[in-house]
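Labels for the chains are A, B, C and D, by order of writing; each one numbers its residues from 1.
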Amino acid sequence: MAELTYREAVAAGIAQEMRRDENVVFLGEDIGAAGGVFKATVGLFEEFGPRRIRDTPISEQAILGAAMGAAMTGLKPIAEIMFSDFLAVCWDIVANEIAKARYMTDGQITLPLVIRTANGAGSRFGAQHSQSVENWAMAIPGIKVVAPAFPADVKGLIAAAVRDPDPVLVFEQKSLYPFKGEVPDGELVDQLGKAKVLRHGKDCTIVALALMVHRALAAAEILEREHGISCTVVDVRSLVPLDTVTILAEVAKTGRLVTIEENPRLCGWGAEIASIVADEIFWDLDGPIIRITTPHIPLPSADQLEDNTIPSVERVVREIREKID
Amino acid sequence: MDTTKPMTLGYDIRLELYRLQLDLRYCEKRAYDLFLQNLIKGTSHLSLGQEAIAAAFGVAMRPDDLTFCTYRGHAHTLARGASMEGVLGELMGRECGLLGGKGGSMHLTDVSKGAMGSYAIIGAHLPVAAGAAWSAQYRGSGQVTVCFFGDGTTNIGAFHEALNFAVIWKLPVIFVCENNLYMEYTPISSVTAVEHPAADRAGAYGLEKIVVDGNDADAVYRTAVQYLERARSGGGPALIECMTYRHSGHSRADPGQYRPPGELDRWLERDPLKIYRERLLGLGIVEATLNDLEAESMRKVDAATETAKASPAPAVSEIDKNVWADGSTAWRN
Amino acid sequence: MAELTYREAVAAGIAQEMRRDENVVFLGEDIGAAGGVFKATVGLFEEFGPRRIRDTPISEQAILGAAMGAAMTGLKPIAEIMFSDFLAVCWDIVANEIAKARYMTDGQITLPLVIRTANGAGSRFGAQHSQSVENWAMAIPGIKVVAPAFPADVKGLIAAAVRDPDPVLVFEQKSLYPFKGEVPDGELVDQLGKAKVLRHGKDCTIVALALMVHRALAAAEILEREHGISCTVVDVRSLVPLDTVTILAEVAKTGRLVTIEENPRLCGWGAEIASIVADEIFWDLDGPIIRITTPHIPLPSADQLEDNTIPSVERVVREIREKID
Amino acid sequence: MDTTKPMTLGYDIRLELYRLQLDLRYCEKRAYDLFLQNLIKGTSHLSLGQEAIAAAFGVAMRPDDLTFCTYRGHAHTLARGASMEGVLGELMGRECGLLGGKGGSMHLTDVSKGAMGSYAIIGAHLPVAAGAAWSAQYRGSGQVTVCFFGDGTTNIGAFHEALNFAVIWKLPVIFVCENNLYMEYTPISSVTAVEHPAADRAGAYGLEKIVVDGNDADAVYRTAVQYLERARSGGGPALIECMTYRHSGHSRADPGQYRPPGELDRWLERDPLKIYRERLLGLGIVEATLNDLEAESMRKVDAATETAKASPAPAVSEIDKNVWADGSTAWRN
């Protein structure tokens, strides 16, 4: 077991797959010689060279279009969109082209490609560089969506995404890049569509994603220790496919669901899970479903403003104390 | 190749060009008739009057080359060898359709023939075509990608990104702008800063300005051969603007009344099939040969129409297939 | 009272506001001389001329960017995006620029602009011209979102949108353009953020939007007549602001919520409403929350396929019969 | 205006150009110092070395003209007259910041001075600037809009759409490309099909090719006056490429090690402030005058720094303000 940072796990996952398969190529802005603006792809250019690691112009539509065209003709491209906010400038390629090609052609076109992007807040970058937009992707039929919270998941899910025959969006939470964790040695390939239960409790089930998993765990610790409230914590990991089996089972056990979402409130993944729970295991619920989200506003940039906007450990503790008995 | 002298075209190529133009014309006309009979639903964008371009590239391309086209893509898809019943069946929403009824008129695709899809969002397929060319370059397959689009497409961002991208990576891709003077109902000249929306911008990507008579299959063919060869041998992309005109409205819903009186008539004089038939006769090909080709083409269209009409509607169970590579549509376990 | 089609109501709403205020301008592709590809803007060019009604190139980013720049400097632009699917090519301008400008500048920039777009399925246009994407917009903080179901609402909500000082997206359901309905004579200005209760029932509350409102009403009729199930029908009309007061009150009365959504399932507006209901009036619920949506797939084009994909009256009747007692 | 002869610039203009360049330089340097003290969080993109461009336009523009710029927009915002404490305060996330701490370094805006915003998504503000120019044209206000952006921005779709749009509507807007040779860490020449990413594409929009020495405030000023005047009198847009260089890395996080050895030194020789000081001395302005200007500018920066440092963090209650024009953030009743 080695200890890697989340950002090192990105490069490790990509490198593992590029070594295995000559058809895996990687393109994006400043990813090569510079090792990426988040330094998450350091060393790849040196190992795989300019034929397989390609720095591009600032042309996000061309980047994803090129990935799509390459994927339908035998390559397995990984494309980086530097900040997830920039998905908006190439959303047509994601939502209308990549996501729909296979269905529209009744299976003639298959797109084994990966889009990686840095998601989320916490860096004082302001509203155009801090969004959590995994829900934009979840709302589009035809793309798979994962958002790892730990270095091992980063490596394993990137590998799984590269091997998956369908398009996968990998949301890397930028606030987690420096986070360190154990990553098993040797080849690591995870599975898309599997949630993980990180903690077992009796009073409520917290379902969280990416950075919010860490906050959920911290809050659960405090709730247990200081307030005698015992929480299950489920790391969703994969929004599409969604592991409803695990989520429904864990919510049914405690009878209460709390989602913790970094996204602005409306139409977040937590709403979807809430609606599934309120339909399929309604009779197992012992009380209201709680969603703890960033308020439905663009993100402010100053320290105190940003810190008080996305859900904090304190807020999670407070809301669960108030609402779960 | 010596590009200073015009290439001499043999009879076989010329007859092939005529034959293919006939197929495209008759099949497209049939599509129009089927609309009138309400057998085709939704919308449909015909290439009537523009067939020379698709046909010339169809003949010039290598079987494993790749085509990307738009919602106005029946001709381009047929020109690569897709079956007429597959095309007409798709327009009619039948099981035998190229896409089993899932895509419809705007998304014709036949990957087995290198027809890599018809894209209905303006501009989107240009970067995708660049990507396919990148893949060919990477794999060293020698394939060239040809990407067709309209004049109006030159004003959207994806055009710009794709052109620059293709040039800096020296990709084997030919961008073919079919300038038919109109977007939907608005003349391209009223919304474009230059006269030739594609060719006058080639310089912005370090490319040469190329304008071709798009109603002359020979002219398009010669140009196609020249730049396909160049791209195949590593010379990089080209941007070719073909001047042409659509005989019908933009889509099924459009009677085309925004066109100034007389304009259509002048272009009908320059109908690519008329021009080509006269040229072949002038070259000494006997009329009976042409009549035979015409009859044969019509027979094919008739047979395809019958096959498509006889094909059932796709089963409702097909709805739940083929979002994912495993054939399913499941988003949960 | 005149009887207008939904498409005529569009032109009537725009004309009413353009007559009133010289600073209202209208731009888009083929909207002027041609009267729009859906013939929803016929007559405006003739009345207001080329200075105020402007045909544009196929440059959606420029269209919305221009609307934004004009709105921050004194004009009140209405921009048309021909099909709502095309919002993907200019999503950056909507989601990152227009929606965020006011908050990021702490109120220095105000954007009184309207984006109109034709939304939805039913025309056999295939996956790239048939989407219901109102949820893409609902998920973005900083834009208001309405989706009228009736000609009078079309006129009144367009007028309200033009007068509103904030950016408003108006989703016109393209399958409804030929639909006729009574529209009051004279000036008509509706209110954003108000749902309407169209039918009162005892057994369940159906919440629907746009075309689905009509299907909900038809289904409610059948359920009442043939199966003795009596339904309240709420037309949401406005997703942002959302009239939670009306919705919560109506769901509380019947104890059951059914949403009917034309959008693909994941992260639809129905999920958001379900999550609000399951939190705030959980104890008023008498059974599971049901969402009836288009399955989470791109839309197929052939008649039978498309008809069996978006929720039909029969499906609504069947699901409510099975699930509501 | 006779554009054949170089415009003669008076001393007052020249001193104003120097004074403004000093303000931009000293304030930007202060921003850098404040980073090092960890008083500025987040990222920040400095214009050190590029001040001549913002300053020249700042002096040439009419007070009611409009500026649009990028995340690298401190200089452009100051050059329109925004207060230094407003700028530094915003970088430090203080209540006195131009945006009350909501926007941060990348979004500086002062509408009261015509500084219509700093936009952090590459390319997006070009069409927005076109829209502001459309509005000025519509209202007959005589305002001209100036839109600044970098070399890397010329490869994104919005650039293309905005340029075409501005030309066909003949809008009073000047697009100013500050070509500093790099995007973030990648040289623009390695990803662009032409040598001058903006100027070599002007022809694609029917515009003339204009390349200016962006480190020479006089040269930029003369060009600015000429095209502002033309735009103001209905002559339509221009695209101006200013050659320049940034002295520091792309952003706070970047040490700039991708630059070849010696390159920075050569450009430091051509530092716009150095050039301009020497020119003024050569024109016979006494050194004491310049020293006074320098001291005065430094005093302003010091005072602004103190004001900003003394300003409190914004109240947490501000989070819930100003999404909507009514001041609220409410999405429900």
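Keep this in mind: contacts are C-beta pairs under 8 Å (C-beta built on N, C-alpha and C of every residue); 3 or more make two chains touch, one makes a residue touch a chain.
In this text, all values refer to a predicted model and were calculated from it rather than measured experimentally.
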item	value
Which of C-D and B-C has more C-beta pairs touching across its chains	C-D
Remotest chain, chain C as reference, centres from CA atoms	D
Centre-of-Cα separation between chain B and chain A, whole angstrom	40
Centroid spacing, where centroids are CA-atom means, of chain A and chain D in whole angstrom	36
Residues of chain C engaged with two or more neighbouring chains	56-57, 59-61, 85-86, 88-89, 92, 96, 103-104, 126-128, 141-142, 240, 265-266, 296-298, 300
Residues of chain B engaged with two or more neighbouring chains	102-103, 107, 119, 121, 124, 155-158, 161, 164, 168, 190-192, 318, 323, 329, 331
Of all residues in chain D, those that touch chain B in their complex	155-161, 163-164, 167-168, 190-194, 200-201, 203-207
List of chain C residues in touch with chain A within their complex	85-86, 88-89, 91-92, 94-96, 99-100, 103-104, 126-128, 135-136, 138-142, 240, 263-272, 274-275, 277-280, 282-283, 285, 287-291, 296-298, 300
Contact set on chain C toward chain D in their complex	25, 51, 54, 56-57, 59-75, 77, 92-93, 96-97, 101-110, 112, 141-142, 164-166, 193, 240-245
Of all residues in chain A, those that touch chain D in their complex	29-30, 33-34, 37, 55-61, 85-86, 88-89, 123-129, 265-266, 295-298, 300-305, 308-309
Contact set on chain B toward chain C in their complex	41-43, 93-94, 97, 101-107, 119-124, 152-153, 155-158, 183-186, 190-192, 253, 258, 313-314, 316, 318-320, 323, 329, 331
